[in-house]
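Below are structures written as structure tokens.
Okay, so subunit A shows up in both of these, paired with subunit B first and subunit C after.
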Partner chain A sequence: MLAPYLIGLVGLVLFPAAVTLALAFTEYDLVNPPSWAGLANVSELVTDPVFRVALTNSLVFALVAVPLRVLLALGLALLLHRRSFGARPARVAALLPTAVPEIAYGLLWLWLFNPLYGPINQLLRVGGENGLTVLGRTPPQWLTDPTDARAAIILMSVFTMGETFVVLLAARRALPADVYEVAALEDATGWDVFRRVTLPLMAPVLALLVVRDLIASLHFSFVPALVVTDGGPPPYATTYLSLFIYRTGFEYLRYGYAAAATLVMMLLTVAAVVVQWRLFRRYRAFYRL
Partner chain B sequence: MGGRAGGPPPLSGRIGQIWRALGALFVLLVFVPPLLLLVSGSLTEPGLPPSPTPRLIPDPVSTAGYRQALAVGGVLRAALNSLLVAVVAVPLSVLVAALAGFALARLRPRAAALVVVASLAALMVPATALLVPRFTIFRALGLTDTLVPLIAPALLGTSPLYVLVYYLAFRALPRDLYDACLVEDMTPMGIWWRVALPLVRPVTAAITALTFVLTWSNFLDPLIYVYDRDLFTLPLALRSLSVLDPTNFPVFLAGAVLATGPAVLVFGLVQRRFFHHDDQTGRNRP
Partner chain C sequence: MRRPKALLAALLATVLFGTGCAAGPGAAADGPVRLLVFGAPEELAAYRTLIEAYGQAQPGNEVQLIEASDRKDLLARLATSVAGGAPPDLFLMNYRFYGQFAAKNVVEPLDERIAASERVNPADYYPVAVEAFTWGGKQLCLPQNVSSLAVYYNRTLFAKYQVPEPKAGWTWNDMVGTAIAMTRDDRGVVVKGTESEGAAARPAVHGLGVEPSIIRVAPFTWSAGGEIVDDPDRPTRLTLDTQAGREALKNLVDLRQAYGVVPTDEEVEAEDDESRFANGRLAMLMSSRRSTTTFRSITGFEWDVAPLPVYQDQVGVLHSDAYCMTRGAKRKDAAWRFLEFAISAEGQQIIAATGRTVPSHIGVSQSPVFLDPSQPPRNAQVFLDTVPTLRTLPTISTWPEVEDVTAGILENALYRGDRLDEVIRALDEQTRPLFARGEHG
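Right, the complex of A and B next:
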């Protein structure tokens, strides 16, 4: 009964991972059979400025977007975990962007961010003159200015934190009520309750979610960068590791080189998984798993 | 929904309630407009100069974007392909996940733990990290430019997460039940199909819906495996619409609405389960 799944697990994940390892040391362009290249790919990666930019972009993206996503999800979970007026539709609304197909979501923002007729800049120009905002500044050039483009990708990805939100919502609801009753008896302020009760109790879940999101960020920057900013504006402002791999492999047909870059991505993933495993072990006793 | 059991006593009573309601309103104001704009943008007349002020309801309301999207982009054909993939992949995927989850629940703990750890590891791997190796494998098998690579993830249960969810659901069933079935001389297959599966029907409903959403929205796989226009799925057709004319936004937004519709609809049908899944004990039910 387990067989189909095991075939899938081995054939679609474990074996491909092994193939990456082998492919990373070859030259392969689909036409000619792979030829052994030794460490040529690796040494080229080390000196490749584009790869370095892509790696930096990916890391910066993860370090900015992931905290924002988790903080937003936490805020929403704490705000909406109880029954109150409008909480139910608000919960659904917060989850909706996650349900929209990636590509449709990307196209939506491609339009929203358009500097001329995109709604965001139209809104920013309300009350201003000559295409300036009320404060007399030029509105952000989302698709042509490197910093604004990076901000745009981050903004897009912040909206899709639905999964994290659902998990945190469940985690918050699973907290014991009596702790809060004691806190109320002691006249604790809302901030105290958050800092001394809620946060410590949710810390394990939060830590695991942060690591998970860090890994996922390697992936969820791909479609926005491909569709909305096309890896630009020059030079490679929003070329992330995932886009670099895609371009190298599927556009420049350098599969061996792309595999070497993939290897770097997998190493990052493994590092994160190790961190996660250690966290899990530490909290295991806590959760009596 | 939330119930009193899990929540703290109301922070300063009425005032807290009002703040929470305002907060909820704010959340709605931030998260809903982008999706409304998606619909409103798709109903704009293509080719008109942009209006100087932002407006939620386009003037004039026009369905020309939809007509052009259907005419130019082969959107209809692509939608059929997407449907075909979903019809094959979704039942297969749910079947694989349910079988695997059941097998895991019945396996010796050590063997089960091994598969669970492997599943968790597979869950962690970013999808883009598997693009190149999977592609070379499918290429070697001569399966690129067919719909097979788009259906293949069903063997993984689409996401190993769903296998784990089934595992937890089947493990939560009382052990006596399985013992009773064994006394009745039922085969494992029989227990799975006639006893266990009917008991986790809500789980199956939720997982079927989520599998559909993931399969329907899959953009990455078609992007690398399919080049023949006749095999394009809807997400890929959308991409080609936007590449064709990136300035003609009503057309590609119309396509985006068509692709989003089924996903959001199915998602809406099951969303309540996400907010209830900590309620299995019933203690939090109002």
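Right, the complex of A and C next:
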């Protein structure tokens, strides 16, 4: 039964990935045959200031966006898992942004973030004077200030946590009701129930989702950065590893160099997964799960 | 049960292998000629008109237009299609960006075809545009246009505020003075745009729109008697640290930082300069002929073009696109027939009538098709008068990277007011490795 999947996995993912990694040690321009370059690409990456900025941006994005996405999804799952008035439309609303095609989603946010005519800043100016907010401050410069632009990309990513939300919703609904009944009999507070019952029981799923989101975070910043901020504002405020690799490989025809950056990205992913896995094992040992 | 599953797996594997290895659609040798371009909707409409006319002139010869969303998308599509073995037969590219493909032997030399052609005579074309597409002594592409930078201006606004219109021979200081006089609030009162950020009085009209880029700095550096690179043929570094370079750069930055006549970065992000001009909120815009097709849809006011202002000498910067044939094209003869038609007098008349180009064909550029005074810009002669003064930017293979890197630095200089010495140092430091890595024609 697994054969078609395995063939697809090997032919379309693993083999191209292996070839790309091999190309990291070559000089390859997508046009002429690759030539062996040894570690030249890797050592150039070490001294490349743009790569360092892209790497830092990607790490900061992952460290901020992933917890935010998972926490928001968890909060919504805990809020909306019961049958109650308005829960169903709210669940649909939480899932909906995930269903919007990425480019359309980016263009939508480009309009939302428009510094003068966009609805977000228009709303923030309500009650203020002279184009300022009610607190007398300039509204966020989503597309022209480096920090605000990074926040904008994170904000965009937060609303696409629909898949995480659905998985957590299912996980929460699968938890045994009798555990909660026992907790209620013992007069446990809401916080106690969450900390001692819900969280430990959902921890395996949460850990899996965090790992998955962390891996995905290295590439789901690509379209927003390409469509909304174009990697800027300068210098490279929202140039993430994925955008750096795309530009280096396909716009500047340095595919070997881009492959070396991809190698670094994959090593980072593996390191992140290993660290999380070890943390998760400690957590399981602590709770004797 | 095991055998059907194994068969299914084998079938899927075959499909995967087949779809992965097959050439893309239209790659067959008997299909239409595939032409890769990018541009605004009005520009794409111009190419469709050309293709339609070609189909009527030579029935049975089909051309398929492949539309990229922008220049970067075009570069990526071209690179990946070449790598995938299914390149377009023809592509249209600016001379500033074709170097990276020329250096990698992606472009088919056209010398033999030109020599054998009855329709293409190089003497019919502006030499500056033809020479811009020679690489290693070979003619790789043939120019479609010989555009240059000009100053578009809103005549109706100038008349309303009784400010003299720009005219040939005007200086940079004249331009700054005019831009200051045209920067107005919504009551029509002259305002200083530097006070607008976060304050009450944002100008309703800005005096000038200019993109902070090396291609905008270059003509003024040249006009001031300087150079932008140390060696135009084999550049190794930018030379904006010279007196002329510094002057051109400082004056560009002052447009925002000292005079506030150009919109802020926030305003440009909210509404780009071309839209701002088309909406009547920009008095002047420094742009190439490319903007004409978009501006011809303007109905609310009159507009025209003026030559660039000068420092010492009148110098322009070439903006030329050419049709290039890929070395891996499947239908080279058919592609050449279309190319001949597209750059012939007949083909260039069709594109010129849409307003998109300053024809590279000398005869067409001097004909009423291009100079028609009933179609804006009334003073289209400006583009032709500029041709003898045009200079080219380096065609080194890493020039696209140079433009991208310098754009960010210049953007921060113009809008954030970074210190000039720091800007010049950053420009030099960050572009040296790119020049070192570049290949020359």
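Convention: the second predicted complex is superposed on the first by the 264 of 289 C-alpha atoms of A that agree within 3 Å, B and C clash if a C-alpha of one lies under 4 Å from a C-alpha of the other, contacts with A are read in each partner's own complex, and residues count from 1 in each chain.
What we mean here is this: a contact is a pair of C-beta atoms (placed from the backbone, for glycine too) under 8 Å apart; a residue touches a chain by one contact, two chains touch by 3 or more.
This one's a predicted model, so the numbers in the text were calculated from it and none came from an experiment.
In the overlay built on the shared chain, the residue A:93 is in contact with subunit B alone; subunit C does not reach it. After overlaying the two complexes on the shared chain, residue contacts for A:143 are found with subunit C alone; subunit B is out of touch.
When the two structures are aligned on the shared chain, A:81 is found in touch with subunit B, with no touch to subunit C. More residues of subunit A are in touch with B than with the other of subunit B and subunit C. By the document's definition of touching, of the two partners only subunit C reaches A:235; subunit B does not. When the two structures are aligned on the shared chain, A:173 is found in touch with subunit B, with no touch to subunit C.
Using the contact criterion defined above for the overlaid structures, shared-chain residue A:15 touches subunit B, although it does not reach subunit C. By the touch criterion stated above, A:191 is placed in contact with neither subunit B nor subunit C. Common to the subunit B-facing and subunit C-facing surfaces of subunit A are residues 1, 4, 7-8, 11-12, 30, 114, 116-117, 246, 250, 255. By the touch rule above, subunit C contacts subunit A in their complex via residues 5-6, 8-9, 12-13, 16-17, 20, 72, 75-76, 79-80, 82-83, 100-101, 104-106, 198-200, 202, 265-267, 269-271, 398, 400-401, 404, 407-409, 411-412, 415, 430.
Contact residues of subunit B toward subunit A in the complex are 1-9, 11, 17, 20-21, 23-25, 27-28, 31-32, 34-35, 37-38, 41, 50-54, 96-97, 99-100, 102-104, 107, 115, 118-119, 121-122, 124-137, 139, 152-157, 160, 163, 188-189, 192, 213, 216-217, 219-220, 224, 234-235, 238-239, 242, 246, 249, 252-253, 255-257, 259-260, 263-264, 267-268, 271, 274-275, 277-278, 284, 286.
Contact residues on subunit A toward subunit B in their complex (touch as defined above): 1-2, 4-9, 11-17, 19-20, 23, 28, 30, 76, 79-97, 99-104, 107-112, 114, 116-117, 119, 122-123, 126, 159, 166, 169-170, 172-175, 177, 180-181, 183-184, 190, 193, 212, 215-216, 218-219, 222-223, 227, 241-242, 245-246, 249-250, 255, 258-259, 262, 265-266, 269, 272-273, 276.
On subunit A, the positions that touch subunit C within their shared complex are 1, 3-4, 7-8, 11-12, 29-32, 49, 114-118, 129-132, 138, 141, 143-144, 232-236, 246-247, 250-253, 255.
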